[in-house]
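Chain nomenclature is as follows: A, B, C and D, assigned in order of appearance, with residue numbering initiated at 1 for each chain independently.
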């Protein structure tokens, strides 16, 4: 039995997730919001990898899923940033609270 | 107290510190740099979890690609904020409510996970880790793998189109 | 004849409906309908009475209302008391009907008056025939209605309106006592029927406290109806009604209903010493209390009204002293001589168009019939020997003495003195002395008015002889089925009674007849007595200042609560909804983060609820 | 009477009038009014026919109708009838009495609607729709159908108040809708919880499911005692708003004052009674133990209602307000009867529902006649009416007497039986309540005498007494009030079986 158990990883992932979530919901700069989302995805990845080792059915699958997540996250970061650039060109701002076109 | 435990504690501390710093720093670049610490320590955690390949990918993609991309994003936009301008949105109440909700959510999930232990351990994961991943990926997960590549392509094309400057002559919609 | 006794009240009821429907066209001929119907009632009652004299009690019932397994019945019973009352009521009513034809002549609502009289007579006869408490209560309220309508007959007068309202409400207060007592009795006994109640009171099904409680509660009803202290204030005001009404309702019949009720429930009262004492004390106190007020009033009808209150107190005193017969006997004689007095007073008012005795005087010669008739009534009420009042009053005094209520006995004696005094004061002021009114053409009332008075005058003298210590106690024997206890009264009681009444008359003569004694002989010596009496001990004012103001204050307080607190809470809720709605719409500000935050807060809430409650609230 | 469709016919017969009215040009005032009035006759005749047959011994169970209507799920583990909503109608003596009352008052209110000044066509169509809703409520055999019919009364009433009402009509209509909507929402929650957990909304089945230990095993999900308590409280509030019970009464005042008097006849006469009906049918029917548990407080609330309404009525300046608060006060008697929880009490409550229906309708009929002539119902501005309008004044006085519970009129019977019931179980509360009897007399006489007696205030108005056509409904109501008062057995008899059923449910 390892001295580091599954739940410790899960708790760590939870803390990181919460930090990311709070940041994503409150940060004003769109770049930071995006990066906070990355942090949340990372937290999830920790879970995946941790379950791959300590889960009910340990195996490589969890790591594979972590890889897929990283892939999709990378794609998301790219598209998100591109969208940010497009928005910035239109609005001349990166402040998320000044972008309220959803209202209309 | 085993060495693994010490390593975990150190890495976890760095990861959380990075996150907290990200929340509290004022300059955007500093925030991104703070997160790099987090990303790297997460990679370290992956190693602890017998996932060397994922750890390497983590370093490459997050600490490398994503962070650099974000920094480019910051550079390409205007960031000469005046001193004292707030870095967060919403008023006190909204932030407080969000914080409470996040905290409550955390507590709820914590109650769910803090005793979670399946008692099993994937003891053979670290043996030829990369090979195992490769085997699984190209045998069992071929189709998802291919789809992931398509996603990357789509993201690439999409990002380019989005980021491209509008044609001067394009009719205004 | 007894099995058709239930028809007796129906004649006047028919008169009521008939006159309401077509009375307008009949104008003054409607009087004949009323008179005829009451005559029929009277004749039938007489037949019933004679039937009952030889026979025994008759009772018939029919299911009126079922509550679960309990059947409430309605019906009628002819007991000695009922039959006796039936005759008294229908006779007085009949005479008043005749009298009214002259008195109400020329009134534009002539037929309505007769209709109301019919309604009242119906209710009163129904009350008398009731075999159970519930039915008694029903008719009890209906006579109240009749009284209310007739007091308010001159509805366009502000005073009549107030008096009618006051009469209804004051008696209603008493009725609530009756109501509670009746229902409590019902749950103890399981029936409203008098017989069952008496049986329960005798065999101890009813606990002593329950008997006392219910008896006193029902007595409150009697207090309200019979104008006993402290609910007496409506009766003098009720004189706003036409005078025949005062004679019929507020002297002879309805106000005696309270006495009748106590008499009808006599076995219940007998079972409780406390209740009896209460009745006696209230009666005795009221008798004296009202008599003192009567000393100084100047309105002819009000003097008579206070004398009525006082005499009713006498009857209560009799009942409370355990003498059932004396109460009923005095009720009967009082019905006749007080009706006579009122009708005579009506005749006087009819002639001089005022009710203020200070503005009358010298009518003895102008009204050769009314004067002597009034005098007969006055002598009867004063208890002058050989007149009916003498015998009944004597009976009461004997009852009080033999029952051991020494204090009450002396109160009764003092009251008798006051009664004689104020009645003769009235007589001398109205008929004696100089003319003080402005009416030029004073004439005697028409025959239609004097005839009933003559009948009543004969009765006022003769009614006493149905129950005398000299010639036999027929009434007492009959009412108690021969079980009448012949108490040997000390002879001095009669002497004392005669002495005080003669003394009262003498004093009145000195003051108002001969005028050798100044009228303010006493009031100038004892200050404030006069104004205290003149203002009726400020009872009305007291009620106004306490109950009246309290009711208004509570109402106003509640209306503010209603308007501000209840409505305020409703508004608050509305405002809350409005605020939360605008808050909700403020959240739709187009910012992704806000949307995200709201979504997440909601999610967190659900997660927390799920985590801590397991999904089942 | 072979009545498979009898009840449906009875309930939906006003529909015929609605359709016919659609073909009448809206300018033809006389035709519209006549047709509107005539359309209320079929349900009246049908219900009277049913009543007559019932008195002659016809069994009302034969009238029940049942058709499958909505099926929510088809899971294999559920039996055939679970989660099945049927269109089912059935009545017992109690509902029949209410139905007769409804159809009767509707006809009389239609007769009183001759004073409506505008848009007669729309008025009568809504009016008939309202009648369908009211009749349906009393005949509904399951809670969902009950709810649907209940909502059906809400909508026409909203428009009838909001469009044809007095000066402040819109506000009145909105508060009517809001309060009642709230009540309906709470009711819906109760219905749905019961439906979800038992799989049925049929009253008899529900009764069986909730109380029979064998049937309780078939519940989809258990109903704990605590949950039942809350369901009962919710039900009580829902119907308490309708009734209304004191803190929820403000809407009713506005409706009373602002709605056209003919509509108030129906409102005070029938719609308020739906609250009482629901409380008795569902409150006692489904939650007898909970009802027993709260009986004391229900009785106390009743006394509060009684006194609160009475004291407030005492200081009102406006006659309609007096009547509105008197309704609050009289609804207290219903609660008093229910709080007694014995045969006398429940019978008293039902009597009061019927009797107040008649009396309130009677008084508002007179108000409509009065308002038509004097254009005001402010007490101080009237006075001496007995001089100019003796018949109206006399009827007002009769109404006041009925309202204050004069024996010989229906008000006394209900007041008496309700108090009789309460005195058995809670004598002290009842004794406090009797203060209300005095206060009722005080405020009623104050209001009515100030209007009718005294010197005439309005010599300027050429007030004419009521015409024959107006007098007919007035006298019909008066005769009914008096006949119930004189011979209450005729009302007690049809109710007997229903009350016995309830008492069985209560466990004796």
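As a convention for this text, a contact is a pair of C-beta atoms (placed from the backbone, for glycine too) under 8 Å apart; a residue touches a chain by one contact, two chains touch by 3 or more.
The structure presented is a predicted model; accordingly, all values stated were derived computationally and were not measured.
> According to the touch definition, list the chains common to the neighbour sets of chain B and chain D.
Chains touching both chain B and chain D: C.
> With centres defined as the mean of C-alpha atoms, identify the chain lying farthest from chain C.
If we average the C-alpha coordinates per chain, B ends up farthest from chain C.
> Taking the mean of the CA coordinates per chain, how far is chain C from chain D in Å?
About 38 Å, centre to centre.
> I'd like the Å distance between the centres of chain B and chain C, where a centre is the mean of that chain's Cα atoms.
97
> In whole angstrom, what separates the CA-based centres of chain A and chain D?
Centre-to-centre distance between chain A and chain D: 62 Å.
> Express in whole angstrom the distance between the two chain centres, defined as the mean CA positions of chain A and chain C.
Each chain reduced to its C-alpha mean, chain A and chain C end up 93 Å apart.
> Show the residues in chain B shared as contacts by 2 or more other chains, in ascending order.
If we look for residues of chain B contacting two or more partner chains, we find 89-90, 98, 102, 105, 109.
> Would you mind listing the residues of chain C that make contact with two or more other chains?
Within chain C, residues 591, 593, 597, 600 contact more than one other chain.
> Could you tell me which residues belong to chain D and also touch two or more other chains?
In chain D, no residue touches at least two other chains, as defined above.
> Name the touching chain pairs, please: which are they?
Listed in label order, the chain pairs in contact are A-B, A-C, B-C, C-D.
> In the complex, go through chain C and note every residue touching chain A.
Interface residues on chain C, with respect to chain A: 588-593, 595-597, 600.
> So in the complex, the part of chain D that touches chain C is made up of which residues?
178, 246-247, 249-250, 308, 311-312, 314-316, 342-344, 347, 384, 386-387, 401, 406-408, 412-413, 416-417, 419-420, 423-424, 427, 430-431, 434-435, 437-439, 441-442, 445-446, 449-450, 452-456, 487-489, 492-493, 496, 499-500, 503
> Under the stated contact criterion, what part of chain B meets chain C in this complex?
89-90, 94, 97-98, 101-102, 104-105, 107-109, 111-112
> Which residues, counting only chain A, touch chain B once they are in their complex?
Touch list, chain A to chain B: 1-12, 14-16, 18-23, 25-29, 31-32, 34-36, 38-39, 42, 45-46, 49-50, 52-61, 63-64, 66-68, 70-79, 81-86, 88-89, 92-97.
> With touch defined as at the start, can you tell me which chain C residues reach chain D in the complex?
Chain C residues touching chain D: 63-70, 134, 137-142, 145, 152, 155-158, 160-161, 164-165, 168-169, 172-173, 175-176, 179-180, 183-184, 186-187, 551-552, 554-556, 558-559, 562, 566-567, 569-570, 574.
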